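Next come two complexes built around subunit A: one with subunit B, the other with subunit C.
Take a look at the complex of A and B:
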């Protein structure tokens, strides 16, 4: 198991290296270079050469890449605020070794990942750490600070969307399977097809126009907001007012990301549940006289949930794409919108930093999902 | 009385017919088309897609015949004012567009269909642009689908047929391609593409570049499926029999394994075509796709959405409907094909 995790991490690093090389060489192919925009400004004239030298743009491309790679991966400043990080990492190493030696349970892999996530989180939150991810070419400041000031907004949006998709999609699929061929099941199937086939930007703009603009026009009450994460007067509101304001802003973008994934989960959960419902051991459970409720909840559900776990991880890439589009529709101040701005101005350091953050998220989520799959389904073996 | 088939006794034929059974040979194709025809949505989708392809391919001819207008030309009224954001209406009387002939600007009469879906914010016929927008989607779907089908099949079958080093290295490469975040990378390429000087213009500007990009990025899933099919089919008795009879590798792959692996390839390719059309639309929506003034549904939804906020709903609604119904039809067709190509499925007699 540990060997498997380590091997996956190594493959992950190789994937990330390939990703960085691909994006870096693509950025090199731009016609004018990143300083084109600055050159348009007559007052920038004397500084162009200085900037070219400062940002290393006069170097050959491969040297620029190596410099970027070195700066990206080595911490610029690192200082411990207290001894907690040392204790956490030490405990994590100790626990990992102990578990590798003595634990034979299927939960081992998940526990190892959990321990490390917790330890790294404690370590990072008690350390002052900063990487030199460069300075934005378009004058937006230090890239590390910029990315992390925007990350919270994207997390809020993504987590809400994922939760919505799971708590609605999974029960929907189960209900459809239990009542197969009922009117509700047929409706759900057709609805899922429509949701799959509707691009996320049409859902987003549709919700924005109908539920935010027209609804306000008809009712005269502002129920949902069209853009932004908070109202301008947010800090003056009471606690409840703050919550209501947040929800009013959050619902529409989260729903537009969640809708397509929700349809996917429902569909997947339905087919996996149907497969289990028609299996031999379920017939046995029914034959020995267990109540229907118990058969479905205890026997069917546990096994039918397994495939959905893998779908969630594969879906993450899709959700990131969805977040990029949704954030630019709803003016959500997250990483996705920052990415669009960075690409438009060909801001090398910012584009590279965001692509790599997205890539790292994908690699980690895929590993966690594969491990989780093995934990939930003891038939899966890693070697 | 002459016996229709001397090989079968009249008595047996009578018996069979009395029981409602047919002695006609049933080919795979018969089974396939019978199953597909039962899937109503798939049939409707097939007709819709045939209609769409015909209309889209015939668009330039229709423009030459004067049935539709030039998608990039502004329309004017008889006082030579540009007709911006005109709602849909039945007749195009007194509507013109400007054209330069022999160095002189002349007003030509617009086609009767010019205002059937209204005009956009630059005074162009939405109807014409919806039809022309289908060309970009169609090219992207077909080119990306072709690339994915060929790359995925080649990589998957090589990996599945030659275990060991070839399999390992090809699948690691596939994992790598699958690990790339599709939309962020596609956005970078879409942004850079027009500025790459060594590429020919039709790749830099038009939908071909986007189509090739999407094809090159999304063959990984199909390669995995084909490899799994090959791994299981390779061990089957009929492959062993073919090998015992002296068949070479290429004969086994092309005559014995590949025909049996066709159905997942067809189904997956259909789904990829739908996905590619959606991603191209998303890229065009964000402004990193096909460059204006070439109309695309994604760009029309983007521009139409801004107008819809002001109450001019038609551009967004019509282009959005075109996009959604095309993708919906492709997905329904894929679903129908999946059912129809599954040989384990039986047709229950009703």
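Take a look at the complex of A and C:
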């Protein structure tokens, strides 16, 4: 288990290095440069040379990359506010080693993930840390601050969408399988087909028109907002008012992102459940005399959910793509909108920083998903 | 037969498929006494498994349906029971062991969990008592270190060990009837005999009747009291193992016996097999279903479906129009005679 996690982390670092090289090369190959727009303005002439030198654009590409890599991975400031981070990380390492050695239960994976999430959270919130990710070429400011002022918004949107897709998609698929060929099943199939084949920007705009515009016109009450994360007067609201306002803003963009994935999960869960329902061990469970409910809840569900874990970890990257589009449609102040801005202005430091943050998120989520796999399936061995 | 444990009458189980209605079991009747060991033999597709699944009432609508018939178990028609009454019988009064032990156990639960689940369900004991009973059950099927094995998962067991677990599970509630559907087919030859011996020994100790579905006639000859031969959804011959093996009345049984290897006879006689393939149970021929492959068929065989008739003397029954005139015994003796018949 321990060796497995370490190996996965090493692979993760290698993946991220490769990713950074590929994206850096792609940026070099775009044909335009970050200064092209400035060059259109004749009065900028004298600055061009200064900026070229300041940003190191006159250097060969490989040197630019190495400079970026060095800066990107070097902390500018790092300070512990107290001893909690040391204690938390130490405890996490200790617990992981102990569990890997002595714990035989299949819940081991879940515990390890839980311990580390908690430890890292404690560590980060008691540390002052900042990396030298550079200054945005397009004048948007310090990249580290920029990315982390936006990351929370994307995280909120993404997590809500993922949760929605899971808690609706998975039970939907299971129900469809248990009631195969019923009216509900057919309805689900048709619905999933529509959701799956509609581009995300149509879904987003469609939801805005139907659930915001028409619904407001029809009921006379504003139920959902189509832009932003909170209303302008947010800080004056009561606690409940704040929650309601947040939900009103969150629902439509989250549903837009979730819908396609949800349809995918439901389809996949349905077929996986059907396979389990026809399996030999389910026949054994029935032959034992277990009531149908128990046969399904105890013997079928867990098996049927194993393949879905893989699908979800693959789907995360797709969801991030959806989030980038959705953030633009819904004016969501997240990383996605920042990313589009960065790309259109060929803002090297900003593009690199965002790609790497998303990359790190995906690598971590994949490791977590693979560890959780072992919780559902005792046949998985971490070696 | 004085007492009956199981009485199946005119059972018909059909499946609707895209090609048409599959008459997998088409009007079979038989009785089983308490503690009796019955072999059910026949080529694959003859309806043996469907018979077993019908008795367990595990045929899943809408694809499959028991169309008519009665299955009386201890005088009670299982087909009239409600779902929860049937659940009380499954696993406790009638247990079943399946062909492929590799897939018959749930991969995500421990052996102990799956064993204890059955015990708690039917015996209403506490978890601690169930644990003791589970250990005892594993000990009975001669699994070493049963206590340690409780917390292991099926994938940590070999095929033979898993089938032992299935037997332990099947017998854990002392059922009156154990249905074993080709329990050793998926195992290697050396394990087969061990498992079969063990299962039948344990069943005998518990006075459990056994319906043993197999295509290994040697097993039937060695272990079963009685045998019924199935062909294309019907029973074509029934009798004690002795009767059927030494004096087959149906040409199909005779053919099956002929295709059996016997070490002591290998040199004396060439193996023969039954020509052709079993009919599709979707469009069955009118008359005797075995007629197209039968060496002895006459006109009548193509017109009238023969019913199971008592054979004079003994308990044997056969469904063949020519049973009385034919003396199949004499055809099986040597190779020459067999060729004589075939030509």
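In this section, the second predicted complex is superposed on the first by the 347 of 383 C-alpha atoms of A that agree within 3 Å, B and C clash if a C-alpha of one lies under 4 Å from a C-alpha of the other, contacts with A are read in each partner's own complex, and residues count from 1 in each chain.
Simple rule for what comes next: a contact is a pair of C-beta atoms (placed from the backbone, for glycine too) under 8 Å apart; a residue touches a chain by one contact, two chains touch by 3 or more.
It should be emphasised that the depicted structure is a prediction, and the values quoted were computed from it without experimental measurement.
Peer 1: Let me test your reading of the model: by the given contact rule, A:197 touches which partner, first (subunit B), second (subunit C), both or neither?
Peer 2: first
Peer 1: Using the touch definition from the top, say if A:291 reaches subunit B (first), subunit C (second), both or neither.
Peer 2: In the superposed model, A:291 contacts subunit C only, not subunit B.
Peer 1: Does the superposition put A:209 against subunit B (first), subunit C (second), both, or neither?
Peer 2: Only subunit B; A:209 stays clear of subunit C.
Peer 1: Does the superposition put A:281 against subunit B (first), subunit C (second), both, or neither?
Peer 2: second
Peer 1: Please tell me which partner, subunit B or subunit C, touches more residues of subunit A.
Peer 2: B
Peer 1: First (subunit B), second (subunit C), both or neither: which does A:171 touch?
Peer 2: Touch status of A:171: no partner.
Peer 1: For A:328, decide between first (touching subunit B), second (touching subunit C), both and neither.
Peer 2: It touches subunit B, and subunit C stays clear.
Peer 1: Would you pull the subunit B residues touching subunit A in the complex into a rising list?
Peer 2: 172, 175-176, 179-185, 187-189, 191-192, 195-197, 274, 278, 281-282, 285-288, 298, 301-302, 305, 308-309, 316, 320, 323-324, 327-328, 330-332, 335
Peer 1: Can you tell me which positions in subunit C touch subunit A when the two form their complex?
Peer 2: Contacts found on subunit C: 56, 58, 83-84, 87-92, 95-96, 98, 100, 103-109, 117-118, 121-122, 151, 153, 155, 166, 169.
Peer 1: Going by the contact rule at the top, pick out the subunit A residues touching subunit C in the complex.
Peer 2: Going by the criterion above, the answer is residues 104, 279-281, 283-292, 299, 302-303, 306, 376-379.
Peer 1: Using the touch definition up top, name the residues of subunit A that touch subunit B in the complex.
Peer 2: 11-12, 14-15, 18-19, 22-23, 26-27, 29-32, 193-194, 196-202, 205-206, 208-209, 213, 317, 320-321, 324-325, 328, 339-340, 343-344, 346, 351, 354-355, 358-359, 362-363, 366
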